[in-house]
Amino acid sequence: MATVRVQTQDFDVGAEYRALTEGHSDIGGIGCFIGTVRANAVGPQLTALTLEHYPGMTERAISAIVTEAERRWTLLGCTVIHRVGSMRPGENIVLVLAASPHRQAALDATAFLIDWLKTKAPFWKQEAFADGTATWVDAREADDAAAARWQNS
Amino acid sequence: MATVRVQTQDFDVGAEYRALTEGHSDIGGIGCFIGTVRANAVGPQLTALTLEHYPGMTERAISAIVTEAERRWTLLGCTVIHRVGSMRPGENIVLVLAASPHRQAALDATAFLIDWLKTKAPFWKQEAFADGTATWVDAREADDAAAARWQNS
Amino acid sequence: MADDARAPLTILWFAWLRERTGTAEERLSPPADVATVGALVDWLTASSPRRAAALQTRNTVRCAVNQDFAGPDTPIRPGDEVAFFPPVTGG
Amino acid sequence: MADDARAPLTILWFAWLRERTGTAEERLSPPADVATVGALVDWLTASSPRRAAALQTRNTVRCAVNQDFAGPDTPIRPGDEVAFFPPVTGG
């Protein structure tokens, strides 16, 4: 029911939406989130974002997050696609889609999936800049707080 | 910056996503919600959902809701498309897209836009069933509660 | 909306209110003392059984004056567009 | 994972830990009394300056044993796959 993919190539939001929903008349709402590479406003220009991951564990961790979402909400399908490798500013990084009979479940499951993906799946971002430097992105406390919202529900 | 349309024809999620995001490297996340016609599980089969609206006021009300979302969150663009006329089960009804530098703003703005659209824009749904009957859909208290969440923020 | 003191109101009916009145739009000129939405509802209710049927469950009837949501105390002026409809159910 | 008591551990290093160790993957056989993640971190730290550099800020180092997130008390058995990495930053 769920589609989980880790891939280097870009994804097609419209095609994934169709694949999830086509032929399903029991869906009432579909929530979606797309994360993209954001250019930086200050300092040397961001030229590339590289996503490293832990093959094997990544798919396992995402599947566990999806299973948890399916336990919490009535989902008629969901899609998680996370790119790895090198991406330029403006490119897509991650896609989450969650289909449910009900709007609130679709929206909540979408937020849950991206919040947990950010804090519980083994991906690491490295930024490369126009001045030749490269730095590993630090984990953000705000992301931990967003993920923790879902702990007690 | 915002795209607001009320139309009888279907929309293309992928095309709207591209139109919103193409050429923008300042976006970090895009939230999206699509509402669809859900078939009923009990009783005579739902054959069509007809959306009536108040031309003129509809566009005005949606634009006011979008303006309020832009006041509350840093949005780099948003899209609201609401269909009117007759639709069959499984068809798209409404599309909301919200692009922001930050994931949480994109997700919150998306939820806000659909919650307020459901309670503050002049649309009315009528369901037609296989037995020839037709009924106007009643407003749901849960929708009012969802919209009220945003009143104090 | 209009300055002409004798301009009629445009009354719009939507969804099941439209079905009860049998018309989507009509032009009416209530007496000058009908100066609020509440007074207009009273006057419409007294004016015909069909309009009375549309407006009878007042708690569930919503109103807009010149395309803005309105309450019983919202003023009505000649030439205004006044719409009556059920609670909205879009999205 | 493996039953063979002498099977080496597979140690994986990711992101800046990998840069510090200079290797992404190695096979190591610590003494039998290295039976938890915490003991393994101590042993690795003592085993080479590069591994010590990777593991020195213990609060920010995360671990997985056989591809499940693990803590200092998680048991380690011969043949296990043990990965060390920074807090995750995907999504």
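Order of writing sets the chain letters: A, B, C and D. Residues in each chain are counted from 1.
By definition in this document, a contact is a pair of C-beta atoms (placed from the backbone, for glycine too) under 8 Å apart; a residue touches a chain by one contact, two chains touch by 3 or more.
Treat the numbers as computed from the prediction; the structure is a model and nothing was measured.
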Joint neighbours (chain B and chain C) are none
Whole-angstrom distance, CA centroid of chain C to CA centroid of chain D, is 74
The distance between the C-alpha centres of chain A and chain B, rounded to whole Å, is 23
Separation of the C-alpha centres, chain A versus chain C, in whole Å, is 49
Residues of chain C that touch two or more other chains sit at 91
Residue ranges of chain B touching at least 2 other chains are 35, 103, 114, 118
Those chain pairs meeting the touch criterion are A-B, A-D, B-C
The answer for chain C against chain B in the complex is residues 12, 14-16, 64, 67-69, 83, 85-91
Within the complex, chain B is touched by chain A residues 12-15, 17, 21, 23-39, 41, 89-90, 101, 103-104, 106-107, 110-111, 114, 118, 142, 146
So, in the complex, the side of chain B touching chain C is made of residues 35, 51-54, 56-57, 60-61, 82, 93-94, 114, 117-126, 136-140, 143
